[in-house]
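Down below are the structures I want you to see.
First chain A sits with chain B, and in the next complex the same chain sits with chain C.
This part shows the complex of A and B:
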C-alpha cells in the first residue's frame, strides 16, 4: 500500500514537474505571471485529441505538434500583447494574460463544448508489476517522456547559443544588452518555450486523464505552487517542486480526503512564500 | 481654483440626489443592474486603496467579500438581526486581514499578489468543506424580507448606494490625510519611505484592513440582497478580475475612477451578455485588451492628461 502510493505520487509528480517548468521559466526569466498557462495546457490536450480523432496519431507523437503550435502562439502573445506593457507592472501582465485565458476558454467551449473528453489508447488498460507495485503503462510512458523533455530543456538552456543567451539575459539584462544581444528576442523565445512546454504537458495529460475547460483554473493553481516551491526560473527546482506537489496531493488525498487537496497545496505555497521566498532549492538557478 | 472646487462639490451633490431618486424612473431589472454597479464600485475602491495608492495588488481580495457574505449568512441563520451581523462581518474580515496581512505584507510585487490568491483559495476550500457550519459547496440561504420585491430592491439600491458614497468619501479623506500620504509614499518608493521614518508595516496592514472593511460590507449586503450564496460564487476569482479591470478603466489611484469604471464595465457586460451570449467571455477578454492598449491610464487619467496638455498649450500661447 505504502509503496503503491509512493509510485502513484511519483508518476503524477513527473507530469507536474514538466508542467511547472514552463510556468517557472516564464515567471522567473520573462517576468510574466501567465494566468493563461492552464488554458495553454488544456489547448495542448485538445490539439492531441484532434490529431487522434482525425489521423489516429498517438498523443506521444502529436505532442510535438501541440508543442510547435503553442510555441508559435506563445511568441505571438508575447510580441503582440505583453511586450509593450512589461514596464506597466504586474497589474497589466496579470490582466492581459487573464484576458487571453478568457478568449481561449471561450474558443474551447465553442469548439469542443464543456464536456470531459478522453483519448482512448489501445494500450491504455495494460500495466506491469514491479514487486507488489502495479504500474500502468501509459502513466509510466508519460513519466519517462516528461523526464526526457525536462532533460532536453535543460540541455537547451545550457548548450545552445539561444539557451545561453536566455541565461545571460536572466543574469544581467543591461550587460546582455551591452554586448549586443537582442534582449527582447530572448525574452520572447523563453516565453514561447514556456507555452510550448504547456502544450507538451497537455498532450501527455490527455494520454492518461480526461480533460475539459474546467481544468483551466485548477491547473494555474498547481503551477503556482510548483513554481514557488522550486524557486522561479529554476528548472531542477521546478522539477523537484512538481514531484513534491505530487507527493503532497497523494498523501493529502489518502490521509485527509481528496476535497482538501487544493487547500493543502495552497497552504504549502503560502508557507514557502513566507519562509523561503526563493523556493526550497535555495538561490535562483539563472540569475 | 476654489470656485472650481465649489462647482465640483455642487455637481457631485446633484448627482447624489439624482441617484437617490433614480429608481422611480427605472425598471426593476435596471435597478438591480445599477445596484450591482454600486457593489463593484465599492469593491474596486477596496482594490484602489491597496493597488492604486499603495502599489500592492491584492488579487485575492474576493476572500473578504466571501467572508462578509458568509458571516452574514451564518449570523442570520442563528437568528441575529442584519444590523448586528454586518459589524460582525466587518470585524471578522478586519481580523482576517490583520492576521494574514502581518506576515504576507512583507512580500512585495508578484509574491504578495500570489500569496493573496493562495489564501483566498485556501479559505474557499475550508468554507466548502465545513459543511455543518457553512452549508458546504451547495451554498446556503438567508431569510427573505417579507415585503414587495420592488420595495426590497429599492432598499438594497439605496443601501448599496449609501455604502458606495461612504466608501468614496472615506477614501477621499484617508488619501488627503497624513496616513494617506504615508501609503502613497510606499507606492513611490518603499525603501525611501522607511528611511524617512514611516512605519510601513503599520501603514500597509491598516490600509489592507480598510480595504477588507469596505469589501466585507459589500459582501454582507450582497448576501442579504441575493438571499442565497454559494462558495464558488462569492469567492470567485472573477470578482477580483472584474475589479482590477474596473479600476484600470476608471483610472487606478483616482477617487472617482472606480465608480466611472464600474459603470462602463458593468453596463458593457449587460450589453455583451445579451448580444454575444455564447461569446461573452471572449468579448470581455477583447475589451480588457482594448482598454489596456488604448486607455492604459484609465478614463480619469486620460482626461487629466488631456486637460494638462491643454493647459500647457495655453501657457505656451501666452508666452509667445
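This part shows the complex of A and C:
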C-alpha cells in the first residue's frame, strides 16, 4: 500500500472506531445487541442536516445536539422498551431493537424520503498536502474529532462516579447491587451513552459522506465487525477494531479489487470468531 | 314526466355522440395497456400512461390514422397492474380476450414487460414496449415485441463517440462501476465501445453497490492518471466520485457518468465543482428532432403542456411512451393496413427519427439498436446538450481544468 492508501485507511478507520464504541458498550455492558444502532447513526446525520438547513449550523457543532437528542432517545428506549423485557433474554432484545430499527427507518422515510442527502459545507472537498499525500480537510477534522470523543468517553468511564459505576456493574452485577448501586440506572446511562455516540458518529458521517435510509443495514454490519474484532465493552478494543476495519477495507480494495472492499470485513470477522472468539484485544469485560 | 324528459335528453345526447363519432371516422383502433398505477412502480407507471395519453389525444384531434383507404380513431384501454408481473399478464389476457384490443403497449419495467409480452405472443398481438431494455425480454425468439428504449449497455456509448471527436483526442480511459446488474451492463457497453474506437482502457474495476467511500479505488485511478474517468453507478455515486476526486486531487480530463448528474441535488450540492461533468441520457426535452406526427420536439413538449399544464415537462418515461404510439401510427400508415402481420413487417423495417425519441431501428429481436441518444455536460451551472450534433446546444468543454486551477 502506498502512503496515500495508508492515509485513506487511517482516516476511514477513525470514524469506524467512534462508531464501533457505542455498539460495543451497549453489547458488552448492558447486554443488548442493538440492531437499531445503524438507525441511530443515520438519525444523527438527519438531525445535523436539519440544523444545517435551518440555522446553517456546521455539523461539527450540531453534533452536540445530535448527541444530546440521541442520548435522551436512548434513555427512553431503554427504560420504556428494553428494560421490562431484559429478563426474556437476548432474543427479546434482538426482536425489540429490530422493531425500533424498522420504526425509525420508516419515520426517516416518511419525513426525509429515500433520497440521498448531503450537507454541503463550504470547505467540503478542500484538502492539504503532506509530501505526496493528499489529506481531505473534512475527513481529517472528523478523524481528530472522533479521536477526541473517544478519549472523552474513556475519561468519563475512568474518572467520573457514574463511569466507575458502569464499570462496577459490568464487572459484578450482584456485587454492585449489594453495595447499594442502582444497577438499572447504570445500564440505562450506558445504553443512552452508546446511542449518543451513534448520533455523534452520524453528524460526523454527514460532513463527509451522503446518507439515506438505505445506509442503516450496512452500518449495523460494520459495527458488528468492529465490536467482534475489538472485544465487547472495551473502548480501546473497539477503537482498534474500527481502525483495523478501515485498514482491512482499504487493503481489500487495493490488493483484491474494490468489489471485495466490504466482503473483506466479514471474512476477518468470521476468522476472529473461529480463532479468537473473545476478540483481538481479548477481554470479556470492560474495566 | 320529468324523469322521462331527462331520459329522452340523455338518450338523444348519447345518440348524437355515437353518430358523431361514426361520421368522423370509419373505425376505431383499440390499444390496450396494463400499466402500474399503484404499487412500487406507480410513479413511473403514471408517467408512461401520460405519454400514451398525449399521443392518443394528439392523434384523435389531428385526423386519426389512415390505412387501407379508411380513417381510424384511437381508443386506449388501461388497467392497473399493481406493479406486479402476474397481474400484468392476467390483465393483458383480459385486454386481448375481453376488450378485443388490436395492439398492446407495454408497462413500465423489464420484469412486467417480460410477463405481458408472453401473453401477447401467445395471441399474436404486437406489443410496443417503451420501458423494457433487459436483454432477457428479447431473447425468447418472440416476433411481436418491439422496444423503444435501447439496451442498457448503450446508455454511455454516445459519450465514447463524443470523446472520439474531441481535440486533443483523449487516449486512456478508467472505468469504475457499481457491482450490480444495470450499472455493470452500462459500464461493459461503454468499455467495449471504447476498445472498438481505439481508446486504451487502463482500468475496469467494480466497487460494491451502495459504497460510501471509494478513496482506495480512486487512489488507484490517480496513479494511472487517465484522460477519461467513467463511472456507472447509482444516483449517489456521481456525487461521491466528484467529491472524493477533489479531496484526493485526482485530475482526469473528462468525467463521464451513467446516472446521478441530471438530478437537482447534483449541481445544488457540488456547486462549481459540478462543472465539466458529462452524463449519458436516453432523451431530453430540449433535443432538436422531428417527425411527421408531432412535428418538432418543441411541438411535442408543447402538446404535453397543453394537456397537463404549463409547468409540465416531459422526461424520457413520458416521451418513450409517446414514441411507442408514434411508432405504431407510422407502421400502420406504412403498412396501409391494421393487420398484425403487415404492421409487424412495417415496424421491423422502420428506421426513423422521432420528435419523441432521437433514433429508432430494430434488430431481428425487436430491440432498438440506434445510439443517437444525447449527452449532457454541466456548463455554468446548467445542463447543456453537447451530443449528438443535431441537437447540440453548446460544444463540449474539454479538457476539464485541474482542481487547483479552478
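Here, the second predicted complex is superposed on the first by the 283 of 287 C-alpha atoms of A that agree within 3 Å, B and C clash if a C-alpha of one lies under 4 Å from a C-alpha of the other, contacts with A are read in each partner's own complex, and residues count from 1 in each chain.
As a convention for this text, contacts are C-beta pairs under 8 Å (C-beta built on N, C-alpha and C of every residue); 3 or more make two chains touch, one makes a residue touch a chain.
Everything numeric here is computed off the predicted structure, so don't read it as measured data.
Novice: Determine, under the contact definition given at the top, whether A:259 touches first (chain B), second (chain C), both, or neither.
Specialist: Both: A:259 reaches chain B and chain C.
Novice: Please work out whether A:92 is in contact with chain B alone, chain C alone, both, or neither, and reply first, second, both or neither.
Specialist: first
Novice: In the superposed arrangement, which partner chain does A:134 touch: chain B (first), chain C (second), both, or neither?
Specialist: second
Novice: Applying the touch criterion given at the start, work out whether A:250 contacts chain B, chain C, both or neither, answering first, second, both or neither.
Specialist: In the superposition, A:250 touches chain C alone.
Novice: May I ask you to decide whether A:209 touches chain B, chain C, both, or neither, giving the answer as first, second, both or neither?
Specialist: After superposing on A, A:209 lies in contact with chain C but is clear of chain B.
Novice: After the superposition on A, what does A:277 contact: first (chain B), second (chain C), both or neither?
Specialist: In the superposed model, A:277 contacts chain B only, not chain C.
Novice: Check whether A:8 is in contact with chain B, with chain C, with both or with neither, and answer first, second, both or neither.
Specialist: second
Novice: Which partner does A:125 contact after superposing on A: first (chain B), second (chain C), both, neither?
Specialist: Once the two structures are laid over each other on A, A:125 reaches chain C alone.
Novice: Hey, what residues of chain A end up touching chain B and chain C alike?
Specialist: In the superposed arrangement, which is not itself an observed complex, chain A uses residues 259, 262-263 for both chain B and chain C.
Novice: For the complex, which residues does chain A have touching chain B?
Specialist: 27, 33, 81, 84-85, 88, 90-92, 94-96, 98-103, 105-107, 109-110, 217, 221, 224-225, 228, 259-260, 262-263, 266-267, 269-270, 273-274, 277
Novice: Within their complex, state which residues of chain A touch chain C.
Specialist: That would be residues 2, 4-5, 8-9, 12, 115-118, 120, 124-127, 129, 134, 136-139, 209-212, 214-215, 218, 249-250, 253-254, 257-259, 261-263 of chain A.
Novice: Would you tell me which residues of chain B are touching chain A in their complex?
Specialist: Residues 51, 57, 59, 103-104, 106-107, 109-111, 113-115, 117-119, 121-122, 125-126, 128-129, 237, 241, 244-245, 248, 252, 278-282, 284-286, 288-289, 292-293, 296.
Novice: Flag every residue of chain C that touches chain A in the complex, lowest number first.
Specialist: For this pair, the touching residues of chain C are 176, 179, 205-208, 210-217, 219-220, 222-223, 235-236, 239-240, 243-244, 246-249, 265, 268-271, 273.
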